[in-house]
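Here come two complexes built around chain A, the first alongside chain B, the second alongside chain C.
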Partner chain A sequence: MLYIPGNNPAMLQQGSVYGADGVLLDLEDAVALNQKDAARILVAHMLKYISYEGCEVTVRVNHIDTPFGLEDLKQIVPLQPNALRLPKVETVDEIKRILELIEQIEDEHNLPHEHMKVHVMIETALGVQNVYDIARYSPRIDAISIGGQDLAADMQLVKANDGVGIDYARKQIVMAAKACKIDVFDTVFVDVENEEGLREEAEYIKKLGFTGKAIINPRQIEVVNEVFTPTELEIRKAAKIVKAFERNKAEGIGVFAVDGKMVDAPVVQRALRVLEMADIDVESL
Partner chain B sequence: MELKTKAQAGSFESSDVLILVEPVEKGAGRIIELKSIVMQQFGDDLLRQIHANLDDFNIDDVRLIINDKGALPPTVSARLETALKRAAQLQSGTLK
Partner chain C sequence: MKNILQREIPEELEGIGKLEAFEGAFSKLKKGWMEEKTVPPPNKAKMPHSSKICDTLRDAILKTKPRNGMTVSFHHHLRGGDNLVYEAIKILADLGIKDITLAASSLTTAHDPILPYFKDGTITQVYASGIRGELGKAIAEGVLPKPFVIHSHGGRVRSVHTGKIKIDLAILAASAADEEGNATGAHGPSAFGSMGYAAIDSWYAKQVIVVTDNIVDYPCVPQSITQNYIDYVVKVDSIGDPSKIAGGTTRITKAPMDLQIARLAAQVIEHSGELKEGFSFQVGAGGASLAVAKYIRKIMKQRSIKGSFILGGVTSYGVDMLNEGLFRSIFDVQSFDAAVSSSLLDNQYHIEIPAGLYANPFNCGCMTNKLDIVVLGALEIDTNFNVNVITGSEGYVRGASGGHSDTASGANLTVVVCPSFRGRIPIVKKKVHTIVTPGESIDVLVTERGICVNPQKPELKAHLEAAGIKVKDIAVLAEEVEGITGKAKPIETTERVVGIVEYRDGTVIDVIHQVKE
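Right after this comes the complex of A and B.
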C-alpha cells in the first residue's frame, strides 16, 4: 500500500501506475500544517477525476481531535473512497464517536453505510492495549495497521528502526486482527535506500502474520511484492496438498501424508491461503 | 463568496499551478494573467476552466495571477478553490 502525500499533484495523478495493490492518499503526516486545506481540496478533486483502476484507494484523514479532522471527514466521506484510514485510534469510545460522525455524513448524502470500509491505525501504547476491542467494534473495520514511528515516539524509544521496541505491539496487533478475521498492515520502512533492510523486515512481518506492508516510495513496491507473493515452489506444494486433500476427502480420510509430512485440516487451510494469494482458483487444479 | 484579502495556493512544482487571488473593486471584472508551459496547446481550455470555476463560486470581480506548470484540470480547480477560500478567509493558510 503506497503512501502518497495529499498535496503533491504529480504523485497523486501517477499513484496507480507503479503496481502497488493500493494507494493511500495522505492528509495527515505527509502534509504541512499550513497546507492541510490545500491537500484536502486537492485530494477531493483528484478522487472525482482520476481513475485508480486496479488499486484500492484509501484516504488517511487527520485525527478527529485536531482542527482538521472533522473537515476532512465532511469533504472525503461523500466521495466514498474504498476505505478511510483513521490515525492514532486509542479507545473504543473514540472509534464509536468517529463512526457515528461518518454515518451522520453518509446519511446527509443518502449514502449507504456498508460501501466504504474503515482502517484503524494503532500508534500509541494505549491503542495497543485496546486494539482487540477497537478492531471488533464494527464490521466496517476491515483492517488494522501499526504506525511504527508514532508508536516509538509515544513509547519514548530512542532507537526505533530496528523494530525491537515495537515487536510486542506488532504481535498484539496481528493477534487482534486475526481474532477478528480482518487484514493487518505493517508500518513503513523509512530508509528508502536500504533495500536489504526492507526485505528482511518484510520477511519478518510476513512470518508474524501481517497481510501487507505500507510503503513510502515506489522503489519499495517490488521488494514487498516479491516477499508477499508465493514462490513457484510454494504454489506447487500448496496445489499438491489441496489435490491430495480432495482425493482423501472422497475416501473419508482426514489425516494423510504428502512427501512424508503429515497433512491435516490446518495444513490444508494454509495451502488454500497460498493459492488464494497467488490468485489460483482451486477448481482449476 | 466575498474576497477579503490576497491569498495564494499551489506551487511551481511540475504538474502543479500557483494561483494568486486579489480582491478588486466591484465592477472591475475578472482580470486574469495566465502563464503556462502548455499555453499553446491548452491555454484556451485552461481559461475556460478558470471562468467556469469562478462562475461556480459566483465571483465576477477578481484579479488572478496564474503560473501553470502543466497541471491537470482537477489540480487547477483545487488550487483555485483553495486560493479563493483563503482569500475569503473561510479557512486557514491565508497569506500574511
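Right after this comes the complex of A and C.
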C-alpha cells in the first residue's frame, strides 16, 4: 500500500499507475500542519475526479482528538473511499467513539454503514496492549496496521532502524489480526535507497504473517511485490499438493505424501493460500 | 501536395529545391537501388613530408579559403561539452563569411552561443538530426532565411552520398590525433568514445581539419579517422568542457514513473517472442528507455539468455552487460559516457562503426536492419502510432530525429516508451504536431496507463494477451488522457514553412511551420 501525501497533486494523480495494490491518501503525518486544510480539500476533489482503477483507495485521516480529525471525517466519509485509516488508536472506547461519528455522518448523507471499511493503526504501547479488543470491536474493521515510527517514539526508543524494539508489537498485532481473521499490514521502511534492507524486512514480516506492507515511494513497490508474490516454484509445488489432495480425497485418504513429505489438511490450506495469492483458480488446475 | 500520412508538403521550397513526398517506410527502399546519383569524394594530393600542422584553428580555417555560401560540418560526439562549433563559427564570422550552411550531425544546448550568428546572416541554413535549446526556439520562430532540414542519422549519410549536403569544410574534434590527422575519440583527457558520425564527413568534405587537445606520436592508434582524408591538424588548449565531454557514467533513472514504464516495457519485450537466444538490442540513453535495459538484464540472467549484439548509442550500462557476458559484442556509433571510451579501447568485441554501416538505408544492409528489439522515446505519439521526437508542446524544435526512424524501420520489435502525459500536456493524442517516425514502424506503445499494440501486429497482441498482459486500444488511451488533461490548445503557427523533416530515404515526412512569437 503506497502512501501519498495528500497535498501533492501530481503524486495523487499518478498514484494508481505504479502497481501497488492500494493507495493511502494521507492527511496525517505526511502533511505539514499549515497544509492540513489544503490537503483535505485536494484529496476530496481527487476522490471525486480521479479514477484509481485497480487500486484500493484508503484515506488516512488525522486523529479525532487533533484540531483536524473531525473535519477530515466530515469531508471524507461522504465520499466513501474503500477504507478509512484511523491513526494512533489506543482503546476500545476510542474506536467506539470514532465509529459512532462515522456512522452519524453516513446517516446524515443516507449512506450505508457497510460499504466503507476501517483500518486501525496501532502506534502506541497502550494500543499494542489493547489491540485484540480493538480489532474485534466491529466487523467494519477489516485490517490493522502497525505504525513503527510513532510506536518507537512512544516506547522512547532512540535507535529503531533494526526493528528489534517493535518486534514484540509486530507479533502481538499479527496474532490479534489472525484471531479476528482480518488483514494486517506492516509499517513503512524509511530508507528509500536501501533496496536490500527493504527486501530483508519484507521477507521477515512475511514470515511473521503480515498480509502486506506500507511503502512510501513507488520504487519500493517492486521489491515488496516480489517478496509477497509466490515464486513459480512455490506455485508449482502448491498446485501439485492441491491436485494430489483432490485425487486422494476421492479415495478417502486424508494424509498422504508429495515428494516424500507428509501432506495433511493444514499443508493443503497453505497451498491453497499460495494459489489464491497467485490469482490461480483451483478449478483450472 | 499531401504525403501518405496526409501532411501537406510544398512542391518546392526556396533554399532546398523540389521536395518529394513520403510514400511509406519502404516505398523507395524496396526497389533495391537509390534513384538519386551519388557524388564522388573529392580528389586530393599532398607532397611527402609536408606538414599539416597549423598553429591555430584560425590559421587552419584561413588555409581552406573560406567563402560566402559554404557548408561547414561538425559531429556532436562532444555532447554537452562541445565548444568547437562556437569557436569555428566565431572565426568564420570574424573573417566576414556569410551565408554558411551549418551541417552538424546534431545541435544541443551546448551550441546556444552560436545563436547570434543565426541572426546576423553568418549562418543561413541548418542540416542536423536534432536541434535543441535556444537554437531550436529561434529556428521555429523563423530566424533563418532558408528552411532547416532535420534528417535521421542514416539519412544524413545518404544526403552526403548524393550531394544533397555538399560539405566544403569539415571541422572534426578528436580526443587524440597525430600530425597527419589519424584521430580517435577513445583516449586522451577529453576521450568521448566512438567517432561514428564523423567518418562520412572526413571522406566527402572538400577540406577537413582535425582539431584536438591531445597530439600523440605518429601513428595514432586506434584510428577512427585516417590521415588520407585529412588536410590540416590543429592542436588547441581545449575542445570544450572535459567534465561534460568525458563525464561520468550514465545512471539508470530513479524517477518512479520512468521505472514503472520501463518495467512494463520489459514485460512486453519478455512476452513478445523476440527475447530469445542471440537477440540484438538497442535502447536510448534517456530515462525510461535506458531503464528498460535494467529489467531486460535481470530477465536475461533469470532465463540464461545471451544476446548477439548491442547497437547504437552506447552507455556504460551496455558495456556492463557486455562484460557480464550477456551480449557477445557492441557496435558503437556514438558513446554516451566516459566509461564507454575505455571499453572501446580495450575490448575487441566493442567495435566502433560509422554512421553509414549503422543506419544508411541505401547500401547493402545497415546494422539497424539486423536489430531484433529497439526501445525508443517519444515527445508525442498519435492514435496511428506516428511519433514526434522533434517539436515540443510549444512548437519549438527541442529534440532529435537521431536514429529513431532508422532503428524503428529495421527492428523486428519497436517499442516506444513514454508517459501518457507530462505535466498537463497530453503525449498520447489524436494528432501530433510533427511526424518524424511513421506509425507503420512502431509495434507497441508502453505508457504508465496502458500498453497499446499497433493493429498491424495482431500476432504481437496475441502473444501479450496470452501472457496475461492487458492491451488497450490507443484511441481509448488518448481519450482517457484527454479526460485527465483536458484538450490542449493548438500551437499557433503561420503559413511559412521554416523547416522540413526528411525521412531516412530523403522524402519529406513532415514540415515545420513558423511558430507565432
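Here is the rule we go by: the second predicted complex is superposed on the first by the 285 of 285 C-alpha atoms of A that agree within 3 Å, B and C clash if a C-alpha of one lies under 4 Å from a C-alpha of the other, contacts with A are read in each partner's own complex, and residues count from 1 in each chain.
The rule is short, and it goes like this: a contact is a pair of C-beta atoms (placed from the backbone, for glycine too) under 8 Å apart; a residue touches a chain by one contact, two chains touch by 3 or more.
Model, not experiment: these values are computed from the prediction.
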- Does chain B (first) or chain C (second) touch A:G254, or do both, or does neither? neither
- Query: After superposition on the shared chain, which partner residues are touched by A:N34: those of chain B (first), chain C (second), both, or neither?
  - Reply: first
- In the superposed arrangement, does A:Q13 touch chain B (first), chain C (second), both or neither? both
- Message: Touch test for A:P218: chain B only (first), chain C only (second), both, or neither?
- Response: second
- Item | Partner chain in contact with A:P139 - chain B first, chain C second, else both or neither | neither
- Which superposed partner A:H45 touches (first chain B, second chain C, both, neither): first
- Share the list of chain A residues that count as touching for chain B in one structure and for chain C in the other. 13, 50
- chain B partner contacts - residues on chain A that touch it in the complex: 8-10, 13, 34-38, 41-42, 44-46, 48-50, 67, 71
- Residue positions on chain A within touch of chain C in the complex are 13-14, 17-19, 50, 217-219, 222
- Write out the stretch or stretches of chain B touching chain A in their complex. 9-10, 13-16, 71-75, 77-79, 81-82, 85-86, 91-93
- The answer for chain C against chain A in the complex is residues 254, 256-257, 259-260, 263, 448-449, 484
